[in-house]
Amino acid sequence: MKSKKFGIIGGDIRQYYLGQGLKKDGHAVMLCGINKGQNAEEENSLESVINFSDYIILPVPTTRDGKNIYAPLYHKNIPLNLKLLDMLKSKTVFAFNISSLTLFKKDVKNKQITSFDYNTEKFKILNALPTAEGAIKLAMEESGKTIKNSVSLVVGYGRIGKILSKLLYDLKSNVTVSARKSQDRAWANINGYGSMDTPSKNDDLSKYDLIFNTVPKMIFDKEVLLKCSKNTVIIDLASMPGGIDKKEAENLGIKTIHALGLPGKYFPKTSGEIIKSAIYELIKEHNL
Amino acid sequence: MKSKKFGIIGGDIRQYYLGQGLKKDGHAVMLCGINKGQNAEEENSLESVINFSDYIILPVPTTRDGKNIYAPLYHKNIPLNLKLLDMLKSKTVFAFNISSLTLFKKDVKNKQITSFDYNTEKFKILNALPTAEGAIKLAMEESGKTIKNSVSLVVGYGRIGKILSKLLYDLKSNVTVSARKSQDRAWANINGYGSMDTPSKNDDLSKYDLIFNTVPKMIFDKEVLLKCSKNTVIIDLASMPGGIDKKEAENLGIKTIHALGLPGKYFPKTSGEIIKSAIYELIKEHNL
Amino acid sequence: MKSKKFGIIGGDIRQYYLGQGLKKDGHAVMLCGINKGQNAEEENSLESVINFSDYIILPVPTTRDGKNIYAPLYHKNIPLNLKLLDMLKSKTVFAFNISSLTLFKKDVKNKQITSFDYNTEKFKILNALPTAEGAIKLAMEESGKTIKNSVSLVVGYGRIGKILSKLLYDLKSNVTVSARKSQDRAWANINGYGSMDTPSKNDDLSKYDLIFNTVPKMIFDKEVLLKCSKNTVIIDLASMPGGIDKKEAENLGIKTIHALGLPGKYFPKTSGEIIKSAIYELIKEHNL
Amino acid sequence: MKSKKFGIIGGDIRQYYLGQGLKKDGHAVMLCGINKGQNAEEENSLESVINFSDYIILPVPTTRDGKNIYAPLYHKNIPLNLKLLDMLKSKTVFAFNISSLTLFKKDVKNKQITSFDYNTEKFKILNALPTAEGAIKLAMEESGKTIKNSVSLVVGYGRIGKILSKLLYDLKSNVTVSARKSQDRAWANINGYGSMDTPSKNDDLSKYDLIFNTVPKMIFDKEVLLKCSKNTVIIDLASMPGGIDKKEAENLGIKTIHALGLPGKYFPKTSGEIIKSAIYELIKEHNL
């Protein structure tokens, strides 16, 4: 890839490391909106960053409140408004989950903004790995037991379920995977795990030291929690509102952790690399 | 094994879990000296515990100051003195690193105390696993990168080195093992790792994201640290004083962590199990 | 499952082991058409087997020539004709790849035959494992090199490609997976393998000791074979006619093996178990 | 290493590949005594090879009958006699198991022959890998079952036992290791295997599909074989006379295979590489 001019606007420390990675590959990079912490000296004004750059990278998530670019390390707000879109005119913009950005969707066309969503399938697959490693780290912290010899259940066999069950298995946990589909259970068996259908009140779940939920549905309601042990630690990796009735779990004395955003929280350097590789793939795919 | 009467004296939360495990196996257990935290209701006086028990278990370590039984969760001291030895008369005592307990060594004979050291080879092997998992957890916390795709060096190929390098490999780190002996390096290669001699000032160590030292010798002095990168995290697992010149590392901006006592700190339930299994083996071996 | 009466008709030694497995689980079993080899004493007439059984199991494949039940271990033919269908009236029949059995399709209805195809997705997944292990065995036989340290390419990332690349990786081959889809390549990377697009004449393939093809398309034509080394062994696991121009490979001095039917050939006991488990799942799913 | 002149005398096809590997590394190589098969054109007379070379490599084993150099691919004998030693005068000779070569031991000194034994610890470790892979291949051939889901026992936890149990585990066999020493059993447990003491007539061994013996002692006598199943395949990897009473096994209908020399038989290219690396290490170690 030829050397390009990237502008990174907002985001957490991942975006800083994204910038470092881009520079290492020979690109020119300017940052705005990440000036807390060790990175103050690289900070620039929004205008100068946008003027400088051919490619603008908005953060993960691009916005939390729908009004401002997500910028927790910035001393002020970056409003996600028409003025910003005007500034982005004729630029190529990489944003995250564009389909949820109403303003963006309406106005990119008449502003001649070329925009790409880097929450691609590839991004999701690569990002599932730091999520799974982060879940392992949490389990190590919370259960008082080593992963080795633990008895664990992974609920759901999508991206995160697949990678997490493999990590647990490789660390010699006694793993069971729950999945609705017979073929997912066959794959779990091929990979050396036990398998079961989605946990219900008819299952005895008391043997599990660790339960990881990856399914964004209320699976662990009161009746299912009653089949768990007080010694079980339940780590919920499903997006809000998750799959566990936390209040009931608390009443029953079962420890639960709703663990969100693990890649950015625990492994920001790796996360920066993953964003970079998703953007590179878009650039290659669309000949940008 | 027939049901026996165990008395557990002092120690940290591991000893509490040891007691839980012994009870689960059908033994009668009394505890003294672990009454902080959730375990207060099981607390008993020293006298009643000793009178009750045939087998007395002293903690890991049995003493720190040479004067008192190690009992960080107790509200007072348990002096390791002649009075205690008198009380232990005709009992079977399991202690940790007995050879370093001067008083003990002198007086066990004339007190008719039968004593066993449970810091056996088996204990050391089993205990290396939680040490290695704890090191993985630390690396996940400190480096900002996933273990997968990290470049790591394990210095030393003893118990901990063997287990840790395997965990890193299984988590898909790019692992190199350093060892003095040619045959250890051949084993490392068989296992899929790179290998090198002990790091010296002639080696370029800048590619490593993670360095784990397991050798209790000053290997990472100033000259060797100069060959590391500022992005390297060095985790020292060697017993005091460790193998890294911490002051020089700090001067050079290299992050180091001297990580001791990981099994008890992170995985007290597993640690209790390991102590139990070492004691069971002594009981079986000596027909106690 | 309650004890049932099974009749096994035709097939190779897998069907014999299938019968053994069914008996071990408490079912009554009669066999016809597998009387060569060690199993003669269990042989029965076609009529007696069908009369006796509620469930009839036809072999893998159910027919090769379209005229007779596949029965290589039988001293005569078992015609797949209307007379046979008459005999099967009101029975439950498990056959393999039913959709290709023209006669069967037409007549099952008016004969009141209930029929199920056990070439299910679950069967295919479970059967990919012995295929992959068989490919490993072939590679060990043909290349003169251990799998460890070999450089290998797996073409295609379907069922067999996924399992085979994992086996190679676990045996410490240096594995690359080729796949058309970007997301398959991302998964290959997550799993620790290299990845590439489908091999073409623009790729240098000379570094591979082993190439396994799983894609039923002509990929290794003359131009691609010219990019391979004479030391490469190419194992073609794709169904007829496979994905390699065998004549050109021979001209170029490249060793190729078209390896079909490995599960039955190498692991008939495991194959019998897999057939059994696919049939059990059909029985459970349809409440037979 | 600077380019050197090597002469390879006798041996099986491994020595041919050793020569190929040495050439690839830039050394000059002459061969004598391997002229059957594809290698005839590289054949030379014994005299010319010795005259040409500074380093002479004798084969694995160096002799079988004590009288001639082992040369199964040669059309005549190469006597291991004083005449040969005269010819080797002032040369550096690498031989295998020198301590067993009586003639050699007596005369090397006064012939000014510098000799090294390449059956080093490193050679033995590296060579255990092809032995273990070969045992896996044999098991695949002989048992009719995949390694996955098989129940296997590895007797002995030396070099081969360690590597073989790991391969079986990685291929998802349910592995047990037997070892006399408690600490070996603890290591087996750490690695995820079951463990037991050396098999005796008091053990029920009927659950094992596969038993691999690596201990050169009569362990599987009649009484122990009676505790095995007729479906068990026993693969004996111990050097002659092995650890199984083959006659009794035959009487009991238990399949046994005495598998010797697997590296040379199955993986001659890898074996040539291993010999090369052992010789390189000797050259480096002794500054030859």
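Of note:
Letters A, B, C and D mark the chains in the order given here, with residues in each chain numbered from 1 onward.
Please note the rule applied: a contact is a pair of C-beta atoms (placed from the backbone, for glycine too) under 8 Å apart; a residue touches a chain by one contact, two chains touch by 3 or more.
Owing to the predicted nature of the structure, the values given are computational and were not obtained by experimental measurement.
Of all chains in the assembly, those touching chain B and also chain C are A, D. Matching CA atoms, the turn from chain C to chain D amounts to 180°, rounded to the nearest 5. Greatest centre-to-centre distance from chain C is found for B, with centres as Cα means.
Centroids built from CA atoms put chain B at 35 Å from chain A. Separating the CA-averaged centres of chain B and chain D is a span of 39 Å.
Look at where the CA atoms of chain A average out and do the same for chain D: the two points lie 51 Å apart.
In chain B, the residues that touch at least two other chains are 129.
Chain A makes touch with chain B in their complex at residues 17, 129-130, 133-134, 136-137, 140-141, 143-149, 167, 170-171, 266-270.
For chain B in complex with chain D, the touching residues are 121-122, 125-126, 128-129, 163, 182-183, 186-187, 189-190, 281.
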